[in-house]
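First up is the structure itself, then whatever we jot down about it.
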Amino acid sequence: MNLELVIIFILFCSIISFYRLIKGPHPLDRIAAVSAIGIMLLIVLVLLGAHFNRALFIDVALVYGVLLFIDVLVMAKYFGTPGRREEDEA
Amino acid sequence: MILLYPTIVLLICMGLYTVLTQTNMIKIIIGISIVESSIILLLGAMAYFPGAAAPVLDHPFELVADPLPQALGLTAIVINASTTAIMLALVIKLHNRYDTLNIHEIKKLRG
Amino acid sequence: MDLLIWLIIIPLFTIFSIGIFNYINKKFVLPVVFTSAILQSGIAIYYIINRNNLLPQLYNVGNWQRDIAINLSIDNFTLVIFVLIAIMPLLSLLYSITEIQRKPAKFYLLINVLLLGASGMVMTADLFNFYVFFEIASISSYALVAFRDEDISLEAAFEYLIIGSIGSVFLLLGIVLTYQATGTLNMAMIPGRMAEIPVITRQVLMSLFIIGLGVKFALVPLHAWMPDAYQGSPISYIVLSSGLVVNVYFFVLVRILFIFFGVEFFQETIFTNLIVGWGVLSMLFGHGAALQQDNLKRLFAYSTIAQLGYVIIAFGLGTEAGIVAGSFHLISHALLKGAIFFTAGNLHKATGSYQIREMKGMAEKMPVMSIIFVLMLIAMVGIPPSNIFVSKWLILSAAVEAGYLLPAFMIVFGSFLSLGYYLRPVITIYTGYTGFPGKLPLLKFNEYFPTLLLAGICLIIGLFPGYILNIIDTAPEFLLEQSNFIIHILGG
Amino acid sequence: MKNISFNKLFSFSLVSLLGVLLLISFYDISNLEVTLSLSEHYINYGVEETGAINLVTAILFDYRAFDTIGEATVIFTAASIVALILPQHEASMLKTEFTPIVHQSIAFILPFFWVISIFLIAYGHLSPGGGFSGGVIISAMSILIIFTYGFHYMTRRFNVTRLSLIEDFGALLFLSIGVFGLIYGGSFLANSQAGVYLGNPGELLSGGLMPLSNLAVGAKVGTGLSIIFISLTRED
Amino acid sequence: MIHNFIVRFFLFSGMLFFLTTAIALIRFPDFYSRMHAASKCLIGGGISILIALIIREGPSPLSFRLLLLIVFLLITNPVVGHALSRASYHYGHVIKMTRDDLHERIFGDD
């Protein structure tokens, strides 16, 4: 199977997922969408590395995975603060 | 490629419009970040041309992307991050003093 | 001998090691800072004295060929700023010993960063390297405005930060577009390729540079940060800012405009008239706004804006006499404004406020300082034998020579306008004796010495303008003739 | 239409004018025939002149190392400014406590982060990475530690004073590399032009002093960003 | 032949998982089910494609790094999912359930 086709397909999926990022009624919905899109793009990076046969894309993907992990964790810590719901509704 | 430059111009305009019209300090900072990021996007766009390989020459390539804008972009990212950190520190300080994020209210409170 | 790189290495060493010295023993900080400041002044003076056999000088960082390396260069035009580098930082540091009581090590660090940025911006001949030094100077300015930790300082710092970031974004955009259009970052290689760019794009590039740098020296529509920032920041920083850094930004803008676009480009289009008109407008605006201020620091901030208007007129003429006159006014205004700010800080010790109405009867409390203050205010208007008189005379004659009669008239008119607001503090100081309030404030050596020294230098320049004119009279060679600069950087 | 104030209309027209001008100049510039002499030199001679196969690192740490030292100064200054503006207990952070699951897995994964950062710093001249990226990963570790184990756990081990000492030494190391070039190569920050043995391109120990300056910048950036982050998040 | 077939199978299953994720993110009604889709399907899709690439590549430094990436994703993604859903519970997203143990753990019996 041609790798370019897989890349295009995954990019298409990530564009579909953007709907939740823009619409998402709550920040946590958007964060879930961000983590989904992030991993899709990470896989796209890896596929590009395999397509061009260069290891450097995989190094980039590794670092990107690390930063994505930290991003989502920090946002989960911040947006899940207890008592925020009462503030929002008030 | 043909859509890239209009996108960059649109991003710059959006960021500047945010800075000019918003009164929330955090939103102003977000606007400035958008403009700065769009310039870094411009640097990335300048470096690439069709068929170019990434500038790590582990084996010889015919076409290599321009490495200079990428290095400049790295420098610009670092500088922007530093400026943003200082802005956020000032916002935290101002919020502690006045208990508001609205820049007009701060001016009014000080008189 | 290539001493110029040490103007970069010495402040860098000070910046990086000041934390270690502060950690070991706080007493080490002051000697280190002063040694580095004296060394920097010494290097600047060395270049001024030996200008005939050393200049122009070029330094390739990293020893690469001239066309790919980052070059540092000193030519005769750079000496305009070197005069200020030799004088201002040392006096400002001296004054700050008593003024800055809270976290002095951080203050010295930031001042050194500011100096590093200023000397780097002046010397570099590479466009992106210039942006890096520009940001270094800007970042330390933002922090120095916020240094006093009062409400007005923090708010002014935020305002300055927002306006300054927008400015630096425009500057970066200009630099990136210039790189894309010319394919090089070397300032000497750009002018040759600039001619191929369509005129509209060249004008867009030029406006990007003007906006980016104009924010920093408070060009009139972009001046809003300056009075607020000056109102909230320590005197030592204000002296360094209005005496050195603002002039550096202006200097760099002039160099970029003249070298990249060339005088012919201005004279062919309407830009000469536009720039001169802009200078007149900003001068009139500065004077007019200063008339309404009742805070001394704000008043002098608007006065600085107005005085830079004169400099813009002089450089906008684009003639040799105009450039010499503008450089002379840049130097003399910086020195005199520094002395005035020092005096205002000294008077502040008695009143505890910078409001003009609080200064009633000041002549009784501090007679000597008051007389000096009054003399300097009158000198600022341009009464002979002050140095401002000489520089305004030079600008006037240059404007008349170039055929700009209306701007010349406006310069005279602006001077009369400025008499209006300089006389107000004078009248307040010498009227309304309120009686002796108690203990006389005692001035320390490091507080009155910088004031007297700067005032003395101004007087000497006013009486013998030849000393400065000798230094700057060859400056136009490297500005009006692009080929001189290009040959100097790239070799024959 | 009532809600559109004069300010918004004015800003909108100003911004759209700028946009049109920028579009015109982008169009003009993209039509120019530009000779990229600087980049051509870097691409054609970069590997043999600097010994680094990653051209971006070659530019950052050899051709334009002067920019990099200025950039390092910017981060250094920003760290000390943020620590100056926000002294003890000025800022506080909203939070949800994490569970032991997160604590354990973070403890499991931190060594992995160390390995990545050291890999990025050491292979800076061979693969994408370098001092800046490695430093960012180091500071990301301090972010993770603060977020999971709390602010006090972090500052008990590494408080701001100690971190800024490390930062000072990293910066001084970079500066002394530059002065080494001045003494042996006749020019500040001279690396390959100072006659340093470059090694074979593609090996770990190649590129002259480049790995050393990567190390210095990595230590500096990591600690600097950590200081900025510690200052911005303080728990009461 | 069989080698090629296995690679195609894994690639195809990865694509399927990604498509499921994208559709689920749009269609699912509440946060927890979207969370379920986002974490589970990505682990499935991502790791299928990485395995396909490892098989396609054979033993080499590149496939070693891919293996490292798989280990990393396997450690981090569950943690992220756990932290996100816990944050959402603390915020106050509650779905209909017969018994809420976490509420008792946090707020006590009241």
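As written, the chains take the letters A, B, C, D and E, and residue 1 is the first residue of each chain.
Throughout what follows, a residue touches a chain if its C-beta (ideal position, glycine included) is under 8 Å from a C-beta of that chain, and two chains touch if they have at least 3 such contacts.
Every value quoted in this text rests on a predicted model; they were computed, and no experiment measured them.
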Minimum number of chain-to-chain contact steps, chain C to chain E: 2
Farthest-lying chain, centroid of Cα atoms versus that of chain B: E
Chain pair showing more contacts of the two, B-D and A-B: B-D
Furthest chain, CA centroid comparison against chain A: C
Mean-CA-position distance for chain D and chain A (Å): 23
Computed distance of Cα centres, chain C from chain A, in Å: 48
Intercentroid distance (Cα basis), chain E paired with chain B, Å: 32
Shared-contact residues (touching 2 or more other chains) in chain D: 22, 26, 36, 38-39, 42, 64, 67, 71, 74, 77-78, 81, 85, 96, 98, 102, 127-128
Per-residue multi-chain contacts in chain B, two or more chains: 12, 16, 54, 56, 58, 68, 75, 79, 82-83, 86, 90, 93
Junction residues of chain A, two or more chains touched: 55-56, 59, 62, 66, 73, 76-77, 80-82, 84
Contacting chain pairs - touch in the sense defined above: A-B, A-D, A-E, B-C, B-D, C-D, D-E
Complex contact set, residues of chain A against chain B: 52, 54, 56-57
Residue ranges of chain A in contact with chain E within the complex: 1, 6, 9-10, 13-14, 16-17, 19-20, 26, 28-29, 31-33, 35-36, 39-40, 42-43, 46-47, 49-50, 55, 58-59, 61-62, 65-66, 69, 72-73, 76-77, 79-82, 84-85
Of chain B, residues touching chain D in the complex: 5-6, 8-10, 12-13, 16-17, 20-21, 54-58, 64, 66-68, 70-71, 74-75, 78-79, 81-83, 85-86, 88-90, 92-93, 96
Residue ranges of chain A touching chain D (in the complex, touch as defined): 55-56, 59-60, 62-63, 66-67, 70, 73-74, 76-78, 80-82, 84
In the complex with chain A, residue positions of chain D that touch it: 93-96, 98, 102, 113, 116, 120, 127-129, 133, 136-137, 140, 143-144, 147
